[in-house]
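For reference, chains read A, B and C in written order, and residue numbers begin at 1 within each chain.
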Amino acid sequence: MKSDKLFKIVLLLFGVLILAFSVGIFLQLFSGAWKSIQQNGILFLIKQVWDPNQEIYGALPFLVGTLVTALLSVIFSLPLSIGSSLFLNEYIKGGWSVIISSMIDLLASIPSVVYGLWGLFVLVPYIRIVENWLFQNARLIPLFNSEPYGVGILSATVILLIMILPYSISVIKEVLKMVPNDIKEAGYALGANKWEVLQKIVLPYIKSGIFAGVGLSLGRALGETMAVTMVIGNRNALPASLFDPANTLASVIANEFYEASSTLHVSSLIYLALVLFVFSFLINFMMRLILKRINAGMIRK
Amino acid sequence: MRKLKNLIMTGLLALATLICLLPLLLLLYYVIKMGISSINLDFFLNNPKPMGEAGGGMLNSIIGTIIVLAMASLIGIPIGLVTGIYLAENKGTKLAEWVRLATEVLVGIPSIVIGILVYGWLVKSMKTFSAFSGSIALTIIMIPILARSTEEVLLMVPHTLKEAAYALGASRWKTQWMIVMKTAMGGIVSAILSSIGRIAGETAPLLFTAFGNQFFSTKLFRPISTLPIQIFTYARSPNIVQNRMAWAGSLLLVGMVLVLNMSAKWIGYVVLKRRNK
Amino acid sequence: MNSEETTIRAKEFSAWYGDFKVLKNISLSIPTNYVTAVIGPSGCGKTTFVRCINRLHELTPGAKVTGELRLNEKNIYQTDPMQIRRTIGMVFQRPNPFPTMTIAGNVMAGYTLNGIRLKTSEYKEIVEDSLRKAALWDEVKDKLNKYGTELSGGQQQRLCIARAIATKPTVILFDEPCSALDPIATGKIEELIRELRSHYTIIIVTHNMQQAGRVADFTAFFMMGELIEFDRTETVFTNPAKSLTEDYITGRFG
């Protein structure tokens, strides 16, 4: 039928459009970064000085800033998201569980810039107090061995932590719902108490879900820009401790792009964007691969 | 001993939940508390006044946000929907798998990278920041999100309904529009609303595209002010009055986003209830 | 009723899903205005055969057919599939009324989906006629504007039958129509099928042999994609010609 053929073609066209787009993105970033790539090569990634005044550009401070904040926030979010997902799904009945879950979901819809505003004026002063205390009393630990400003890696990590919680919680809750009741009941029938059933039967069963939640959170944490820019202190150097102001790939771009004067500066910033793009893509890809492996393994079981 | 452990763990889990809930409550509390004092008629009707003068507002940002969102939705909603339909209809074909991969890649791109991209494409060639380029950036973010959720909703329409339609001699086209889309309509509306809610809060992609504007402007091809950008600027300003306006702007923005997302959820819930009668 | 008259004729008809040959050289003549049951163990190809008749089979990617399949001497596979489907009605395993249409709307779906507009009087006439023929009119005549999904399972299935009848087909295909229904609803549908055969040629796929015995005039026994035996139902059940048939009937295998 003619209209069917037309229908198929239109759909195909849109599909191809999206495909072409993704390829175009890489090319566009690459060409924009070309000047800096020519200048710096791949060693860009380990050069640790970023000084626009002297036209020296290296990505290492930002890679470290990005990785440290993202990884720390994801690691600390694990116990919190697993814990609350378990609590909401296994310990509370329907009505309240739905209400609290919806509220936590709302966290995900709050704009990043509002988190930044709140972070800057409400969270940072508190963190400064904590940092001061730690500086006074625990200075010997290298992690705490800098002048506490309030803004810095620690604040950025905490804000990221808050922002990624709803994502992993929603993923983990979904998988929890799919755990068949009979394996839980089998555990109870053997005399286990609630926590033991959860710990030894349910948690291992949802391993892949937890991993998916981690992947999702990590992806989010890597790309988060506004809130991080507002609380990380914007310093272009390798952070030596948790209290140091720093920058992530995303935050330095947000901070310097408009005022970037020279073409090399702009090109280097685009190079950073390219790195960020490739990085997120790779992590995304790897997570997906590992997830497939885990799921396949579970089906075999 | 085991009993004790069980009890402690229960407590810890409850604590974890509380900790997750706390930031939301604190955040909303502060946004409301700090913002409400600056929300008045001036806020809605006036444009920013130079530092030092009282009575400024965020009218230009409010209108700007509406314009940019409207343009982005105009382009993004049809493309997102059609892509979602394509993915749902052609599940399993090689091309569809590539397209799905592409949408997943796009979803994972940090929004600031999208901003840089559109800067390179549009801002440089048009030689100006513009509301238009801002909307395009938002559209790029919106399309994969909407496509994925549309696909999900469409796949939930039972296959047997499509077969019943085909058995009556209907064409693919007719089946798609008269049966599948209609059945999935509630879910689709919900998906559209939440995708708009998602882009309403985005700032990073607008930084180098729409850029921002101190003055009132509705020109599509000139820089335009939007709420998120204005909040960002005011938050980092040393001027307390502007800081307060940042809170007020946040209150408005959060309100807008919450309304969009809650309506989306509510519609989704109502549709689910009706279906399962 | 001339049992020599046949509506559907299959000649060396085979069907594939990709490389898997699911129907092997079927040659069969379905008599007009009788009920023919298609029975056999799971996976024997009975549903596939029926779905080839109204060309739903080819909607699965990788599906292929060879051989001849005729409807009233017209080659089904050389005619526009949508035309074929409009002259053949189908009732599915699970009742599937369209949830966004009213009861009346569902009955007339065959027309609306094909863009055929009718005068209001014609519309009402067909709705009532189809619902009467499906033994549903009395139960729903006061709520024609309610949604199809508000009926019970058995009523929904009769609504689907009405929907199939409304387009005035010559053949109606039933694919295990009672497997999702309770015994009372099943009984009503079986009675309905027996009544319908005076107007239509009916083919019913069923895994329930007793049902075939109750409802069908003729029975075709399929196994592993082949037609093993086809005869009057009493013959197949009491005096089958093939030992395979006898084994199946007596329950020697599933």
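Side notes on the structure shown:
Criterion: contacts are C-beta pairs under 8 Å (C-beta built on N, C-alpha and C of every residue); 3 or more make two chains touch, one makes a residue touch a chain.
For clarity, every value in this text was computed on a predicted model and none was experimentally measured.
Of all the chains, the one whose CA centre sits at the greatest distance from that of subunit B is C. Taking the mean of each chain's C-alpha atoms, the chain closest to the overall C-alpha centroid is B.
By number of C-beta pairs in contact, chains A-B lead all other pairings. Subunit C has its Cα centroid 48 Å from the Cα centroid of subunit B. Per-chain CA centroids place subunit A at a distance of 55 Å from subunit C. Centroid to centroid, with C-alpha atoms defining each point, subunit A and subunit B lie 18 Å apart. Each of residues 171 in subunit B touches at least two other chains. In subunit C, the positions touching at least two other chains are 82. Touching two or more other chains at once are residues 1 of subunit A. Touching subunit A in their complex are the following residues of subunit B: 2-3, 5-6, 9-10, 12-17, 19-21, 23-24, 26-27, 30-31, 34, 79, 82-83, 85-87, 89-90, 95-96, 98-99, 102-106, 108-113, 116-117, 119-121, 140, 143-144, 147, 171-173, 176, 197-198, 200-204, 207-208, 211, 228, 231-232, 235-236, 243, 246-247, 250, 253-254, 257-258, 261, 265. Per the touch definition, subunit B reaches subunit C in the complex via residues 92-93, 158, 160-161, 163-171, 174-175, 178-179, 182-183, 185, 275, 277.
Subunit C meets subunit B in the complex at residues 54, 56, 59, 61, 82-86, 88-90, 92-94, 96, 98-100, 109-110, 112-115, 149-150, 160, 163-164, 167. Subunit A makes touch with subunit B in their complex at residues 1, 3-4, 6-8, 10-12, 14-19, 21-22, 25, 28-29, 31-32, 79-84, 86-88, 91, 100, 102-107, 109-118, 120-122, 162, 165-166, 169, 193-196, 199, 219, 222-226, 230, 250, 253-254, 257-258, 269-270, 273, 276-277, 280-281, 284, 288.
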